[in-house]
Amino acid sequence: MADKPISRFPVPALDDMPEDIRDTILGVQEKAGFIPNVFLTLAHRPDEFRAFMAYHDALMEKDSGLSQADREMIIVATSNDNNCLYCVVAHGAILRIRAKDALIADQVATNYRKADITPRQKAMLDFAMKVSNNARAVGDEDFATLHSHGFSDEDIWDIAGVTSFFGLSNRMANVTSMRPNDEFYMMGRG
Amino acid sequence: MADKPISRFPVPALDDMPEDIRDTILGVQEKAGFIPNVFLTLAHRPDEFRAFMAYHDALMEKDSGLSQADREMIIVATSNDNNCLYCVVAHGAILRIRAKDALIADQVATNYRKADITPRQKAMLDFAMKVSNNARAVGDEDFATLHSHGFSDEDIWDIAGVTSFFGLSNRMANVTSMRPNDEFYMMGRG
Amino acid sequence: MADKPISRFPVPALDDMPEDIRDTILGVQEKAGFIPNVFLTLAHRPDEFRAFMAYHDALMEKDSGLSQADREMIIVATSNDNNCLYCVVAHGAILRIRAKDALIADQVATNYRKADITPRQKAMLDFAMKVSNNARAVGDEDFATLHSHGFSDEDIWDIAGVTSFFGLSNRMANVTSMRPNDEFYMMGRG
Amino acid sequence: MADKPISRFPVPALDDMPEDIRDTILGVQEKAGFIPNVFLTLAHRPDEFRAFMAYHDALMEKDSGLSQADREMIIVATSNDNNCLYCVVAHGAILRIRAKDALIADQVATNYRKADITPRQKAMLDFAMKVSNNARAVGDEDFATLHSHGFSDEDIWDIAGVTSFFGLSNRMANVTSMRPNDEFYMMGRG
Amino acid sequence: MADKPISRFPVPALDDMPEDIRDTILGVQEKAGFIPNVFLTLAHRPDEFRAFMAYHDALMEKDSGLSQADREMIIVATSNDNNCLYCVVAHGAILRIRAKDALIADQVATNYRKADITPRQKAMLDFAMKVSNNARAVGDEDFATLHSHGFSDEDIWDIAGVTSFFGLSNRMANVTSMRPNDEFYMMGRG
Amino acid sequence: MADKPISRFPVPALDDMPEDIRDTILGVQEKAGFIPNVFLTLAHRPDEFRAFMAYHDALMEKDSGLSQADREMIIVATSNDNNCLYCVVAHGAILRIRAKDALIADQVATNYRKADITPRQKAMLDFAMKVSNNARAVGDEDFATLHSHGFSDEDIWDIAGVTSFFGLSNRMANVTSMRPNDEFYMMGRG
């Protein structure tokens, strides 16, 4: 499938990228063994690339009351609801690895209510789905429900932040027809 | 995960099943190497079990202008739209095997518009989604579109039949919390 | 209206049908005084015909905590929600007869919340509508609500089964443009 | 069923009504043989009663490129879509009488796309459904489609007017739980 | 912008209007300083004009447990939900004046849940939104909620009446492309 | 209204902010005459603040085939569709100023199809609404439509980028109950 386009927009060669972006990408490649296509697709717009990655890291690499697996669950559940192929496949892989669970990503993507997760995680995903689809109606009763599951206000911000940021990502991936790397499909299933 | 319930309803022991149902199930087990949970879940209702399997076979094992992979694609796409975990996981496995393609099921489940399939298959899935969500509005123009992709009226019945039957299946699987066997997740990914 | 087509697909002559199907149809005709068009429409596909009728009978003729009128209400309410002309008209007739109530079918079809039915029946129809439109979200709280109205788990399976089966039927009737027999419109109104 | 309430709000006795309203109601009763419950329900609010009836007559009794049967079809189709029991039952009766067709009301209510009506009438009802559900998006292309079916701009106003007025009526009937008179169910079926 | 059409239908000259309609309009002009375009647009249909204005006054000028500002809030919230430009702009102006609050109209139009209004007003608007979008499901529990906020049954009729009438108005304004007068945009902001 | 909270989360004092963020905010204050509340609300999370502002500037201050008024229109139309009070009020103000048009923001927010904008701008907003609500279905035909209005592929990325970024912003503003500054309501109306 190496000949399938990874974006419907131009994808710059590594040599043509600004140095900081090339360095970022080479760093990821060294760690992951391949370059996730989101990096190449967004490198078409260097300033947006930088802001996107900074936002991603601010949400995903911070300390939080949400584990990294929790955050990946939010991405996988809302991305399938938004029918974003790139995000479900790529973050499904990361979720399997973070949660050390080969089945969890397909469960959470398809119907988190039937997944092998805790009631606390289901409440977290209920809220993420509301932020994704009906943020207009988020209010005190949602905060109360989440508090009753042990989430702090800061955790709630984190749920909303991850959901909202990947809502952006889902939309851009769908518009650009961003193609997930073949490598992601099998990661963490072993 | 062997201790997770496969249905929220009682699941009969093989020895307690009517002989024809036990025979069917043992036949499947011999072929597949395990018993898909849909057989055990529905065995709770022997008459419904028999009708369900007969209907399934009438649609899925007949000769058709739709290949078996085509029919599995319909199941996978509409089942994810209905958020049916059992059907996406089990038929995703069968689709990978039928299509000899390790990536196809995740693509078709998440967003068939971005999948590595033909325009004819996309038209087939567009129609399947309309049958699933808005059959009330199916009319001449849908038939004309499908004809233009080379589908006959009989093929159109087949698309509608597979979609409608698995719409039934999706609803029963969601109400019974039917659990996909762990084996399905990895089948056909090799 | 005898010249209006009853299906957009070919309808076999009685003489051309497999014997078991012809016998079934002649039996229905003897009892009802006419042949409901669903039999003729589906006879185009003998194997599907047999499975459809077996499934129908498994759900509709079994003993159940749901009366036969209850089951017809489920069909009428969800079929109008799916805008299925055949099912609303044909099962509306059967509902009037089963419930010995000339008004009940139009009430349940149009807005069951305003119909002359019991709170238990309204809870049954609330659940049927959820199975029809949002089975993905069916869970413990739905079972608890139905238990509080005296429904057993087996009754809940029956509600789900009838809803899901007629969801299949609604979709096939809409795709085939299955025409209800004129006779149904007046049955049970007297 | 004479003891079923016709409204969840107080219903005035004829003797307690303002004279003009009582006269209107007695006139209707003389013509129809009974008093349609909408008159009694709305008589609770005399000023709204008068405006409602004046609006009704301005739309329904005027000369128009839409026949009176056409206008009743609009009411029946959109009222079922709004799940208004009173309007479907009462105007279904009037439609049967106006169109001299015992089957037409159930067809148009359940799925007008499958009804025995002309393509022009289907286009009219397509537009009525758009006005009812998505008036925000009505634009030039809708006018062009309707012109191509022979509707003038004045006819289009009439379609929109009837749809909008009965949208009001549907909402008030649902909020007041306005009960259709038993007489309506059988009218025009003979 | 004086050359922008105020309606896609013909707008009669004042001199060509029936005398009572011209008098009404001149009266409004004297009070408001300009003629709101709804009067000119609807004057194309004198009988509908008269009924519309009578209905409007019956709901909006009566004594009620709802203040006039309350009633304008209902109009503004539901009209934005229906994307009716005329009604949001014109009644937004009136709301600012009635409530003596320069910010209230934009708040209520955009998201009343975030507006500077009372919990009682939020409950009123929750119900108005349900009447507008889902009147089919209005029932006892809605009445109970509103009673708990101090609304009487008569107040509830008023909420439903205003919502339903302006639902009519929203649809007609969208179909006619009724243009709000430029004057409205600034009224009450000072 | 100075005592109304601007966020349901803690808002840091200027003195407690990291220096770069304080400098950014003081710079904005000097230019605008006040500190827009989005800066104060997001300052609660410095890393997210920095990424948000960088992303904003990358999309909003770049050269583009979309004018700055075009970009503000996208924000205003999609933010009202998402019922985001902060974004409609704040970016409505900026739109009025950028477009030098006192009426444009209320028009575009309420129903852009009725706004005084060009067909090209309507096509742009049609696409923005699709990206916001149904990005899953964006495909070749959308690109073709936009090309026919003179948009380049890079312009299409810009429409998608602005829509997606403000979709994030809308969700965070609704979850945090971010309050628009009173100053925005009147800006550009003069």
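Going in written order, the chains are labelled A, B, C, D, E and F, and every chain counts its residues from 1.
Here is the rule we use: a contact is a pair of C-beta atoms (placed from the backbone, for glycine too) under 8 Å apart; a residue touches a chain by one contact, two chains touch by 3 or more.
Since the structure is predicted, the reported quantities are computational estimates derived from the model, not experimental observations.
Contact with chain B and chain D alike is made by C, F. Comparing mean CA positions across the assembly, the chain most remote from chain F is C. Set against one another, A-E and E-F show the most C-beta pairs in contact at E-F.
Chain C and chain F have centres, each the mean of its CA atoms, that are 51 Å apart. Separation between the centroids of chain A and chain C, computed from CA atoms only, is 44 Å. The set of chain F residues touching two or more other chains comprises 83-84, 111, 136, 174. Here the chains touching each other pair up as A-B, A-C, A-E, A-F, B-C, B-D, B-F, C-D, C-E, D-E, D-F, E-F. For chain D in complex with chain E, the residues that touch the partner chain are 8-9, 44-45, 47-48, 50-52, 54-55, 57-59, 62, 82-84, 131-132, 135-136, 138, 143, 153, 156-157, 160-161, 163-165, 167-172, 174-176. Residues 111, 113 of chain B are the ones touching chain F in the complex. Residue ranges of chain B in contact with chain D, taken from their complex: 136-137, 139.
Listing the residues of chain F that touch chain E in their complex gives 1, 4, 80, 83-85, 88-89, 92, 102-103, 106-107, 109-111, 114-116, 174, 177, 179, 182, 185-186, 189.
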